[in-house]
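Chain nomenclature is as follows: A, B, C and D, assigned in order of appearance, with residue numbering initiated at 1 for each chain independently.
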Amino acid sequence: MSNATPPARVFSSDNAAGASPEIVEALVRAATGQALPYGADDLTATVRRRLGDLFEREVDVLLVSTGTAANSLSLAALTPPWGSVLCHRDSHINNDEGGAPEFYTNGAKLVPLGGADAKIDPLELRAAVRNKTGDVHSVQPSVVSITQATETGAVYGLEEVRALGAVTKDAGLRLHMDGARFAGAVAALGCTPAEVTWRAGVDLLSLGATKNGTMTADVIVVFDRTLTTELAHRGKRAGQLTSKMRYQAAQLDAYLAGDLWLRNATRANAMAARLQDGLKAIPDGELQGVTEANIVFCRLPQQVIDGLLGDGYVFYHDRWEPGIVRFVTNFTTTERDVDALLHAVGRHAGRPDARA
Amino acid sequence: MSNATPPARVFSSDNAAGASPEIVEALVRAATGQALPYGADDLTATVRRRLGDLFEREVDVLLVSTGTAANSLSLAALTPPWGSVLCHRDSHINNDEGGAPEFYTNGAKLVPLGGADAKIDPLELRAAVRNKTGDVHSVQPSVVSITQATETGAVYGLEEVRALGAVTKDAGLRLHMDGARFAGAVAALGCTPAEVTWRAGVDLLSLGATKNGTMTADVIVVFDRTLTTELAHRGKRAGQLTSKMRYQAAQLDAYLAGDLWLRNATRANAMAARLQDGLKAIPDGELQGVTEANIVFCRLPQQVIDGLLGDGYVFYHDRWEPGIVRFVTNFTTTERDVDALLHAVGRHAGRPDARA
Amino acid sequence: MSNATPPARVFSSDNAAGASPEIVEALVRAATGQALPYGADDLTATVRRRLGDLFEREVDVLLVSTGTAANSLSLAALTPPWGSVLCHRDSHINNDEGGAPEFYTNGAKLVPLGGADAKIDPLELRAAVRNKTGDVHSVQPSVVSITQATETGAVYGLEEVRALGAVTKDAGLRLHMDGARFAGAVAALGCTPAEVTWRAGVDLLSLGATKNGTMTADVIVVFDRTLTTELAHRGKRAGQLTSKMRYQAAQLDAYLAGDLWLRNATRANAMAARLQDGLKAIPDGELQGVTEANIVFCRLPQQVIDGLLGDGYVFYHDRWEPGIVRFVTNFTTTERDVDALLHAVGRHAGRPDARA
Amino acid sequence: MSNATPPARVFSSDNAAGASPEIVEALVRAATGQALPYGADDLTATVRRRLGDLFEREVDVLLVSTGTAANSLSLAALTPPWGSVLCHRDSHINNDEGGAPEFYTNGAKLVPLGGADAKIDPLELRAAVRNKTGDVHSVQPSVVSITQATETGAVYGLEEVRALGAVTKDAGLRLHMDGARFAGAVAALGCTPAEVTWRAGVDLLSLGATKNGTMTADVIVVFDRTLTTELAHRGKRAGQLTSKMRYQAAQLDAYLAGDLWLRNATRANAMAARLQDGLKAIPDGELQGVTEANIVFCRLPQQVIDGLLGDGYVFYHDRWEPGIVRFVTNFTTTERDVDALLHAVGRHAGRPDARA
């Protein structure tokens, strides 16, 4: 997309969206005056307290600059270098971090598992958690990492997380949640953040604020607080300890205040649902998998894909089988944006108004 | 310091300062609309072009979130794991990065050298660059890292950088400049940025924007562009590739526009000079080392230290010998702030007005 | 197996075998007198010369203590940390090194490919060598590693190695050969060592002497001699630079002298062929895959497995599907040993003499 | 030295010596027959039992191929990557391992301390063990490593080890002993191995067999057995798990049987003492430091150095100040060898018979 692309036509990723106005304002407020560096400021303390309230227990926090860092630091604290990380074969940590988990962990091995909708299959997990335990010739199963919502827009149900958590804990492993779209998952489930994380066995959560409204701030929520000191040292070593941390904290503070995180995610989910709904009417189209958060996968005729690209729409279509398309909504997407997209799809499919 | 500490009394570090108003405004402007992620946005392209103009040649850039990351990534691209990094024994990379250079380089060894004012002694360097070259039992000298301005506020003169650069290059090593206070050094030297960097042999520069006006953005300026691809992969692996990179780029764009970087540094330097000047009049006080940038080291009687702390002043005084104090000015420091500090020093020293 | 197990009944692994008498004698000869340490001795020079003769070109050598070290050091010299190693999913480096390749490479990723008989499928390789090239979010295909003979006892034909080598080189990747059973492969192919290695594109070869007659010595044969210095530094850092290297060199010298390596492998192969032949007559048994070197996989009725174990036979049978058994012969295996095993199998299968 | 150099004239290093005849014989005995691989053989069990007897308590053992591996693996198990290793500035791990400790520990920092005779000064240690504890900007003191006997041939007295051990333990750090010349130290002290190791606080000991009679076998003696599992995984990952481990075990078994280790070391020490004694008579010569084990440092006139080199003597003389020479004796050195050397020294010094 060129920078002239109208935002209304960008469905490529939620990281193309800007920042929530509340977050921008908070940053401006934080910008004046002096503050103690390295997280000793008041705003960072507030973020920790807000997350404690949200998760209904005391937590520690580690502010980081990217989701890659949140995930990789978490994994490094949960596995020894000779351990393995059990994850879905389609997971971001397995495919899209450029080997960051391997770098941070000093060479732990990511073991890919299968399962529908990018959710780990519990039976595969059950076999994997004890694979070659105690055998010095093999890496040792050490941590399970699940993505909530998943890379395909599905959401692990509460019982599903609990079941994976139980398998993990029974075998003595640790549980990490890549919450790249955690807010969307909570919005979809209607449960409390506590229920779907530490109460279900999660030790560390990558909160995933960037795709849902912040600029450059993410955070590891530390439920197992025995890991906090290690995370702090690892974070510093990784260049993740920001001197002017208040600027990350200000973003997260506004993100958490007044349930902005939930409102943003709810909107993104609703727009994806609206899009999904409309796509059902496309002839020769076919929804792919389940959409519970803000990602819609579908199959479209080539003429429709070409037509949309010609209209200036931005979306991924060349990464999977031919004809498979991914649309991602975000907290700035409007009903009008969705309807315009559906109208365009219908037009290119030879059906003047798919929603009419 | 509590957050109630008046900014005027904070002389602990330049990272306690907020952001320049121009930078805050640029961030607000960048916050709306959508943009391509991962540095494919227009602002990042502009930063690269601006740095090319500033350094009078084509450069590549790698935006990072911290100075620790800028330094450690640079070193990782300049030394193999079995290499050594020749640096001053008082350098930040040797003492204050929590082992980040060792992590990023996969275990290269930092070899500390001596020299006055935290500048590497050229004779020591000359011996070190060829130390055990080719001996498999020893780490191999691979990169020299100099801090400009130094950790004590001194500035390498142009001839000094050229001399170290020549020793480095003659021996086939690479040259890294930790520009934590690069703007201050350029302001002090009155030279061009090009002269004191690549024209003197510098391969990679950590620009050091955070201490001089930005919020959470720093950048590696890549003079040796054969390193760019490696830096990009290493940066991603380290969790330094920001998805919404425009927010870092916006800060740097404003930092470079209209010579804001130079104006900020010039003010910080002038305030340090004013402070230094005033301190000369303190009985039993004694300036320590040379101040050319924005750091002043001096020896003060204990009663003066205690008195200043009692007044709410914030500064380091417990890290070196008893009585040694460090004051750091920044781009927000005013003449009034400096004069008030001097007045207080004079008062506690039993000399009602040191500047009178 | 207890140490009382008669050697004739050990078919578990070729590393259960002792050392060739010629090698023991060479070690005894080398044990007296003084010698320069760290490979500056005469025997190490001789090994290098012998390998040059064998491979019909100048080579460098790096003596190591284990096959794990030979493979992992080689891979570390052939891939950057952000690279990937394309290998068969059943390969030793992927499953049985306890993560050593990941440790030595500082976190490169092993990408498992499929293919019959543990040989990499050329079509899969063709797709994998260019997978996400240039995409900073993904590890970068850097080196292909093939095992010769494979983990199931099959041997890549000369044309097969050439084809994989061509795909590898066309894409700009490097080629490593894990020669754990290299001698057996050469014996089976009847080609020259040069043809099946560097002439087909192999950059580094793990020679694989331990399974074929030496005690504690293995060696990396360096065809791409630009890698030698790096390998030397990496080897030292990994604790692989032996001070009294003559004791490893003595073993390898004897291994190479008078084609001992080839004679040993020829015997082991012949014994596996004899075993395979005999097993064809077992009712309810079934040979699995191709046996060209010294490994035989077959399916046996449970009563036969139990009967053999009761007789004191040692072999793997519990690592794959139920009923699948692996027998490994070695250079000490005799016709009588094989025939006794076949007789026992026949007896337990209810067929008094399978070979009769 | 060329291989024609008479062994009697080699005083360069104890690793130039061959193997003890008892050890060669043991290896020959072990060479026949089959044995379980990877340390499940009887000989490895015997080594463990023998070391338990020697150290008067149950110990675990990790057989390795080099002293570099023994030291580096030990350190990796005793420090996190963000830790520091406190060691003498002249220690082997700091200067002569090519960065292996940094590789194995994933980038821990070696912090060099001073002290006479290459022994760590207890006052320096006392300051260093608590340096910046809890400060995330600094590496964290984690392990103290002492070399016994030291790199200059001195021996820590029992009280000295206890004192360093107490400082180490009081601060919550771990203690590693690089026993490169441990046998020589025990011989010199006349104490039990237990007294000078675990009873004084040592957690892990690199036994140091190679310089004192074995070929290619060394061993980590594990007093803190909670580290055993980690060491096993780290050892495998480092390529140190030998498949035919019985060949290392056979060497160590013979080394420990009948106090061979002690007899060898006693001889080497006695020869060094004889040499030291004789050197006292050299005009213009000067003994350097203390010799308690098998290393003698002295200053010799240049004409003497040149004369000895002309005679074919092999020794280090070019690594320190001009005129400083190191002679190392070993378990094969005879009185006649020493007297011949002394005679040669005397002759070149213009004093026909220094011993006469």
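Throughout what follows, a residue touches a chain if its C-beta (ideal position, glycine included) is under 8 Å from a C-beta of that chain, and two chains touch if they have at least 3 such contacts.
Computed from a prediction, not measured in an experiment: that's the story for all the values here.
Q: List every chain that touches both subunit A and subunit D.
A: Touching subunit A and subunit D alike, sorted by label: B, C.
Q: If you average the Cα atoms per chain, which one ends up farthest from subunit A?
A: Following the centroid criterion, the farthest chain would be D.
Q: More C-beta contacts across A-C or across A-B?
A: A-B is joined by more C-beta pairs in contact.
Q: Where the centres are mean C-alpha positions, what is the separation of subunit B from subunit C, in Å?
A: So the centroids are 52 Å from each other.
Q: On a C-alpha centroid basis, what's the spacing between subunit A and subunit B, in Å?
A: Whole-Å distance between the two chain centres: 35.
Q: Distance-wise, how many Å sit between the C-alpha centres of subunit A and subunit C, to the nearest whole number?
A: Centre separation, subunit A to subunit C: 43 Å.
Q: Residues of subunit A that touch two or more other chains: which are they?
A: Residues 81-82, 97-99, 102-103, 106-107, 136-137, 233, 236-237, 241 of subunit A touch two or more partner chains.
Q: What part of subunit A is in contact with subunit C in the complex they form?
A: Its residues touching subunit C are 81-82, 95-99, 102-103, 105-110, 136-139.
Q: Of all residues in subunit C, which touch subunit B in the complex?
A: By the definition above, subunit C touches subunit B via 38, 80-82, 106-107, 136-137, 140, 230, 232-237, 241.
Q: Which bits of subunit B are touching subunit A when the two form their complex?
A: 1, 3, 5, 7, 10, 13, 15-19, 21, 24, 27-28, 30-37, 41-42, 64-70, 72-73, 97-100, 102-104, 210-211, 215-216, 233, 236-244, 247-248, 332
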